[in-house]
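We just call them A, B and C in the order they show up, numbering each chain from 1.
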Amino acid sequence: MPTANYGEKVMTLVFWLAAFLITAILAVIIGYIVVKGFSVLSLDFIFTPPSRAGKEGGISTTIVSTLYLVLGSLLIAVPVGVASAVYLEEYARKNSRFAYIVNLTAETLAGIPSIVFGLFGFVFFVIFLGWGWSILSGAMTMAIMILPTITRTSQEAILAVPREYRENSLALGASKWQTIRKIVLPSALPGIATGIILSIGRAVGETAALLLTAGSSLGMPMSITDPARTMAVHLYILAMEGISLERAFGTAFVIIVLILIINYAAHYGMRRLSALGR
Amino acid sequence: MNSIKIRSHNLNVFYGPFQALYDINMDIESNKVTALIGPSGCGKSTFLRSINRLNELIDGVRIEGQIYIDEKPIYARDVDVVALRKKVGMVFQKPSAFPMSIYENVAYGPRIHGIKDRRVLDEIVEKSLKAANLWNEVKDRLKAPATGLSGGQQQRLVIARVLAVNPEVILMDEPASALDPISTAKLEELIAELRCNYTIVIVTHNMQQAARVSDYTGFFLNGRLIEYNRTEELFVNPRDKRTEDYITGRFG
Amino acid sequence: MANYPIVQNKEKARGNVFSAGGFYGRKTPVRGKELWVEKVLMLSASLFILAILLITLFIFAKGIPLIAKTGLTDFIFNTEWNPTKNKFGIGTMLVGSLAVTLGALLWAVPLGLITAIFMAEIAPVKVRDVLGSFIELLAGIPSVVYGFFGLIVVVPFIRDNLGGSGMSILAGAVILGIMILPTIINISRDAIRAVPEEYKINSLALGATHYQSIWRIIVPAARSGIITAVVLGMGRAIGETMAVVMVTGNATIIPDSILSPVRTMTSNIVLEMGYAAGDHQAALFATGTVLFVFIVLLNLIINISAKAGIKNAHR
């Protein structure tokens, strides 16, 4: 049947073209920003604070702000997220209503758009608790946003720990919590780390929610109650208000490089995790 | 009158460095049921899957020798695999109804082979379901999802689906191993009826089943065809010591 | 918002819900401190519920009074948005959000689905792995970077080749489509991979070709997963903010072509939140309320039906 063969050949071509198109889109986006951004980059750009609203100078304060916000949100989200995962996987009973609701809530949280988190952070942390536009408000908001990622990946990592590990530990007379702390969590560490790395990626790129909760002040934050402008927010303002396209490229370049590193690290972590499962 | 439907000539099958079949020479008769027995991993399923070239789906498989159906080589360059598989139907161990209606399951084969006329399809569906002894149980709910059928019904549906493409040979790979005794009995009854119109090759673990349904039986061990004879001969007077050991339950 | 890994993990994670924790049984020694540990862990997990309750409560508390005052239908369908005259109707933004989302789905769903099939069924292992890491990367790029790229590449391209200002539904649809591709690809690929191998083998044994098996058996069997992928992609598109605000021009008008500028609901919030006060601010929260309710409902339906699906499959 020559017609059928012809149709299948066309189909094969379409499949490969789709894959090629996806690759091309990625290459163009990253390539464009890397090429245009690289010429802007210098040590000065990274280590000097911006001046004249970002028209001149570097991006040092936004790098520091980003760092503070990422660290702050991890400080809150990691303990809570991992603890929840341990509870859900190791303590909650099969078919427990509570576990079902928590899981469902996590899914729902993961689907809420960042602008809605921003609105919540604004009305709750900034206004209601009176923390103002600050690193504290931003980090708390961000923490809620990354909580589902950390819990999900930790749950998976814990689930991948072989059952025999637990059995052997219990057989040696260890208690449940000892088993979890000394055996389960260390074995699940690569997976948990992957979740944390992915969360860092999300926090580095987050814009909408932080604009509404951490503010957009360009100064160097001195305490957690100071407002701060992250790199992502800086990029948005530079580009949207047409302040400096050149510096926008530089900022986008730094963000992209960070994301590439984070992605590679997460990929590496995932591989470790799947090796453990085997 | 004896006529040979399938002839295997010096067939060797390798999975990477592992040789699964050694020099299989076997003539399978037309309109008879031929059973392949032997312990797990003896190569009987590999042989079965060589007959419709389904082995080729496995990475790293290498096939030497030849199989002839109606004296035409199936491992030749100009063979249309699709046409071969249309001619050689197969029923698998696990009943696997497609997630669509009963009707659509049976009509699937004819449709992909180009039949579009609704009335022709209706006819094929009815005929196939009747031939598979399933018609009476499902005729009032042809539009119902096939996944709602019991395991035994699903297996007969799979057979109806195979019959609908009008094959000449039907391969069965332990078709009853996932079924309860009553469903198994119905299936064996069906195999007995189908023998009149089709050449059937059935792999089974169950020696009573082989004895009940087949005309010829081949005993496989470690990738070799040890003994091949009329079923009553093989079970009553096995010539090879290893066959005797196996059928009397001394190993495997 | 690089949250694709969550999405990717969903399938497995959902399974956990029904297999959680039973391992240790009741006989495992539980000493004094251990009970206390369990309580603390449970408290952590409860924070999820607390968070969602607080979010709902505070956004509703700010948004609903204004919706009540304006009237729900008037708020949603009125096309006049004029904060200085206290006119708050988000009709134009509703149209804007829908137009951009629909535009994105229109091209990203077919491309994503074809790529998913390619990865699950056709691509050689190496190609599949490389493509997979590309898609991960695509998911990891922050939306503000997509917006920036759209602003400096896509918008000028449209302006120069198709006319208008370039800030348009089309620009938004192009950028949003790229952003939802990973969601669509990953979820539908997982769904296609989850189709039992027997279906394919049975189909091939009936003399179907590989492509016939794909289109007639495998893709239909993965249907519910593919629908989930599209719906979640839609949710992401509607909720996306930064990328859209940078490329769609943000005019509060009813668009008359795909080259018209539009303002989405999300853009409205981020553009005016910085200086809004009083009723104006409440109206932005009301916009957020509409968005929130819509997306949470979408997600709940998907999650609950998927969980029900797992239950059925295990029966």
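Rule of thumb we're sticking to: a residue touches a chain if its C-beta (ideal position, glycine included) is under 8 Å from a C-beta of that chain, and two chains touch if they have at least 3 such contacts.
Listed by chain with UniProt protein names: A = Phosphate transport system permease protein PstA; C = Phosphate transport system permease protein.
Predicted, not measured: the structure shown is a model, and the values here were computed from it.
Engineer: Among the chains, which is located farthest from subunit C on the basis of C-alpha centroids?
Structural biologist: Checked the centroid distances; the maximum from subunit C is B.
Engineer: Counting contact pairs per chain pair, which pair wins?
Structural biologist: A-C
Engineer: Taking each chain's centre as the mean of its C-alpha atoms, which one lies nearest the mean of all protein C-alpha atoms here?
Structural biologist: Chain closest to the assembly's C-alpha mean: C.
Engineer: When the centre of a chain is set as the mean of its C-alpha atoms, what distance in Å lies between subunit A and subunit C?
Structural biologist: Distance between chain centres: 16 Å.
Engineer: Hey, how far is the Cα centre of subunit A from the one of subunit B, in Å?
Structural biologist: The computed centroid separation for subunit A versus subunit B comes out at 53 Å.
Engineer: Counting in whole Å, what is the centre-to-centre distance of subunit B and subunit C, each centre being its mean C-alpha position?
Structural biologist: 47
Engineer: Hunt down the residues of subunit C that sit against at least two other chains at once, touch-wise.
Structural biologist: 209
Engineer: Help me check something: in the complex, which residues belonging to subunit C touch subunit B?
Structural biologist: The touching residues are 196, 198-199, 201-209, 212, 216-217, 220-221.
Engineer: Touching subunit C in the complex: which residues of subunit B?
Structural biologist: Answer in residue numbers: 52, 54, 57, 82-87, 89-90, 92, 94, 96, 98-100, 108-109, 111-113, 158, 161-162, 165.
Engineer: Which positions of subunit C touch subunit A when the two form their complex?
Structural biologist: For this pair, the touching residues of subunit C are 1-3, 5-7, 9-10, 12-14, 16-24, 28-31, 33-34, 37-38, 40-42, 44-49, 51-52, 54-55, 58-59, 61-62, 111, 114-115, 117-119, 122-123, 127, 131, 133-138, 140-149, 151-153, 178, 181, 185, 209, 211, 232, 235-236, 238-242, 245-246, 266, 269-270, 273-274, 284-285, 288, 291-292, 295-296, 298-300, 303-304, 307.
Engineer: Per the contact definition, I'd like the list of subunit A residues that touch subunit C in the complex.
Structural biologist: Touch list, subunit A to subunit C: 4, 7-8, 11-12, 14-16, 18-19, 21-23, 25-26, 28-30, 32-33, 79-80, 83-84, 86-96, 98-120, 122-124, 128, 144, 147-149, 151-153, 155-156, 159, 163, 166, 170, 175-177, 195, 198, 201-202, 204-208, 211-212, 232-233, 235-236, 239-240, 245, 248, 252, 255-256, 259-260, 262-263, 266-267.
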